[in-house]
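Heads up, there are several structures right after this.
Heads up, the next two complexes both have chain A, just with different partners, chain B and then chain C.
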Partner chain A sequence: MFFQKIIIIFFIFFIVCFDSFAKDKTDMVLIPSGSYIPLFKYGDDVLDDESIDVDSFYIDKYPVTNIDFYSFVKKKPEWDGNNFKLIFADRNYLNHWKNIDSFDEINNYPVVNVSWFAANEYCLYLGSRLPTLDEWEYVASSGKEFRVAKDDPSYLHNLLDWYINSQSRGVISIDKMTDNYWGVFGLHGVVWEWVSDFNSVILLNTDAEGGGLEEVLYCGATATNAVDPADYAAFMRFAFRNSLEADYTINTLGFRCVKNIK
Partner chain B sequence: MKQISNFFLKSCLIVIFAFMIDGVCAKELPKVEGNTSFAPDVPSPITRNHPAYVVVHFECVELVKELDNGVKYHFWTFDGTSPGKMVRVKQGDTVEFNLHNHKDNKMPHNIDIHAVTGPGGGAAVTNTSPGRTSIFSFKALSPGIFIYHCATPPVPLHIANGMYGLVLVEPKKGLSKVDREYYIVQSEFYTDSTFGKKGMHNFSQEKALMEFPEYVVFNGRVGSLTDSNALIANVGDKVRLFVGNAGPNLISSFHIIGLIFDKVFMEGASLVNIDVQTTLIPAGGATMVEFVARVPGNFIIVDHAIFRAFNKGCVGILKIIGKDNPELFAEKK
Partner chain C sequence: MSVQVNAFPADSIYNLDLMLLDKDGNEKEFNKLSGKIQVFAMIYTNCKTICPIIIANMKAIEKLIPENDIKNVNFSLITLDPGKDDVKILNKYFKNKKFNNKIWNLYRTTKEDTLKVALTLGLKYKKEKNNEYTHSNLIILLDDKGVVKIHHQGLDKNYSKMLKTIAEISADLH
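And then the complex of A and B:
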């Protein structure tokens, strides 16, 4: 009997260890170099065929979860919901951690209500970094079966679902997420995600004379510069990022990290 | 010495200039709360005879509402209704517009007000994250009845999901006195289900691109202006309708069965046409029509592209109450 108990305890111990091991940042996916076609033609990096080259990198398999972020905050109390500096995050920072009965319920949900500064700090703390816009879009341009999602006619339709269909609203646990071609989970249909250069579009707007990207943000002519004017989901991500500032925290905005190949 | 006096001269000029600027700012307009209403009501006429600094608040809300009996749709709205509030200001007013985006929304939103002279009609400076507020001001230069709508990319989707309404800029001397005013916006909904089929309808991008709506409606749903929601007037009333067409695609052939518009302010502007049977309202445009309610009865409001009225929901009723006038209309047995 005693022996059995020992075994059970060991077994639980093993699960706990394994569980925390599974949450380790080794849980990343290698993305080989390649190219993708961005929504808008911009910058000097655009190749003749309108695609952008992206080097290989590791990316988090899942968005950063509440429990992940909680561990970070324990180590770096200056990012605690009570100690953070208001210039680095607005008052809504980690607001969803207040007024909950038990943290267990949201352990495996993607962390939201985090500012760019907080997300950036989290990634740096783990020796990684936030993905660039191009890296994120490159990985997210794959569907389930197809490396280039747009080769699948139902892809855009399914993607729009999250944005428009109220039934599929809301943040879900990482266990419920689906993965894409690369085995990366929850890129679409769960939360928006920070990228390191989320406001690069605004910076490009200094070229006001040329009409540039500022125009595409509100004009009916939006589509004239877009490579694929039917890609409404991409327009939404584009518009969403454009509305952000680095201290903003939002109920549906989380993040994941990437790592360079050494 | 010369350098010093030069310096003094420049300083003085700067100070004087600063006072001048201050003087301009000091000529402050009286601050008033915006005059707004939900459809089909119209905000009351403006009684002041001077321009004001008008403060208006809108909140973007994403919510599920009925598009038809038993048919639900996930609307994106200004203030929870489609159309959003009608705003009434006066030519020469400065309007401070506060756009709040509710924190539980998923989308960023902005606003393009057609009464604005400035980039994007305000959209260029109001792309607002959930939980945030954007503020801008504009001077109402031109009188007329104007559409406003959300213009965040993808723009057609924000319009198709219900984000629009009307702004009335009264001319300086105001509008003529009438007995009744009503606010109507026509728009289409592109759903992945079929007209009248109970349950949740979702946006269909395919149908929107084909410009093939399941629903064409007044004031955001089938039945918004029928039965107990019918518009009311008494015989003898002077009636004014402010009618917008949000589109996003169709042009409205606006008509009321059984009466003739005494006056149509064409395209919502200053040019008046008289004795009009059917008037065109472009997508992203509006009109103002006036008539006297002369004969009692139910007068059916339609888009005279008549399949839309018969099969897609674009019907309203104006109920005129009062004594028969057999000289004008009588049934002969």
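And then the complex of A and C:
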């Protein structure tokens, strides 16, 4: 009887340990709830309401890598480079997997040339999801030492350097990436990343009755209406997202997943 | 390997696997919109300015399609605001707009699938803080297999290309 209890307790202990190990392996970081100030105001009447509240969530420490995505494709052959449907990804999908000598070389590089649909399916397959634009921007609004990057001019300067000087941009291995305040690696300086609602960035051809985002963005370009003109990098991200379609695959565009708390 | 069940072209939006709920509360698989030419738009019922113009223009297109072709054409709307636009509201809206029940329908789906449909068609939208939506104003022409043929600017009253394409697809369906 006593030994049975010991065994049961040991067993429970083992499960708990194993469980925490499993959580570790998912390599996600808890982001507490908070708010951030996006680049653009959403109309003139919301001066005291510029910040966006974001609930807490888990986010992948690293972008999804080639080896991660390869495991997914093995389980979901409809997302194989030969089987995918053109409506869900353009012809360039996973193009960098062709003509490589060894997959080993790119195992730990962020996967690129993936469409929104492919990225979305990958995250859902793991019980997670793509981050919303606000979630991504909220995490990315932090610098290295500071919760809010704009309190750290040198950080912003380096960031701008990367965004402007495309030559310094390149896909690198995740173990060469630097992290930010939250311990999230490679948000800047490596590849662009998909967000679930990238199509909420609207520059042209819109019904502007819902708050005049179109006008705000146009004016934003002149920086007169921007909440924080110093945050030019964020403007570039908005402009980039505006140019995307969900089937696009680009060799500098990857993604990471997030998970709800619970 | 699973057997290929549906035979839609690789660039057909009917490769999307999702369910619609129509304005009468009936469930319908999205790919069951196939077989007809679809004049399609995404709107929401609380939309006061642009959506009514899109709809008026879709009605204008309806009137211009010859008797012989109209039997091959459906007019379908999916709400951008599934949170608010329940079946009851959709039904009321449908009646208010006096849509022809035989060829028009109004649908809702989940929030996630609303986004997927919009992304597949290249539609942009954003929920604003005042609960209104900023959105692309496009009327989309789909052939009977769900391949996008035309992105028509919703406010553009020149329908000649739209009508010509409908006539061409319809001729193949006769």
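What we mean here is this: the second predicted complex is superposed on the first by the 211 of 262 C-alpha atoms of A that agree within 3 Å, B and C clash if a C-alpha of one lies under 4 Å from a C-alpha of the other, contacts with A are read in each partner's own complex, and residues count from 1 in each chain.
The rule is simple: contacts are C-beta pairs under 8 Å (C-beta built on N, C-alpha and C of every residue); 3 or more make two chains touch, one makes a residue touch a chain.
What you are looking at is a predicted structure, and each value in this text was computed from that prediction instead of being measured.
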**Message:** Taking the superposition on A as described, I'd like to know which of chain B and chain C A:Phe235 touches: first, second, both or neither.
**Reply:** first
**Request:** Report for A:Leu156: first if it touches chain B alone, second if chain C alone, otherwise both or neither.
**Result:** first
**Partner chain in contact with A:Asp197 - chain B first, chain C second, else both or neither** = second
**Message:** Output check: A:Lys85 vs chain B and chain C. Expected answer is one of first, second, both, neither. What do you get?
**Reply:** second
**Common ground on chain A, meaning residues reached by chain C in one complex and by chain B in the other** = 214
**Item:** Touching residues on chain A, where the partner in the complex is chain B
**Value:** 92, 156-157, 160-161, 163-167, 169, 214, 216-220, 222, 230, 232, 235-236, 238-240, 242-244, 248-252
**chain A contact footprint on chain C (complex, rising order)** = 1, 10-13, 15-16, 47-51, 115-116, 118-120, 122-130, 132-138, 153
**Request:** Flag every residue of chain A that touches chain C in the complex, lowest number first.
**Result:** 42, 46, 49, 77, 85-88, 116-117, 196-197, 199-202, 205-214, 245-246
**Message:** Under the stated contact criterion, what part of chain B meets chain A in this complex?
**Reply:** 62, 64, 74, 103-104, 106-108, 110, 112, 119-120, 123-124, 127-132, 151-155, 157, 161, 200, 202-203, 205, 209
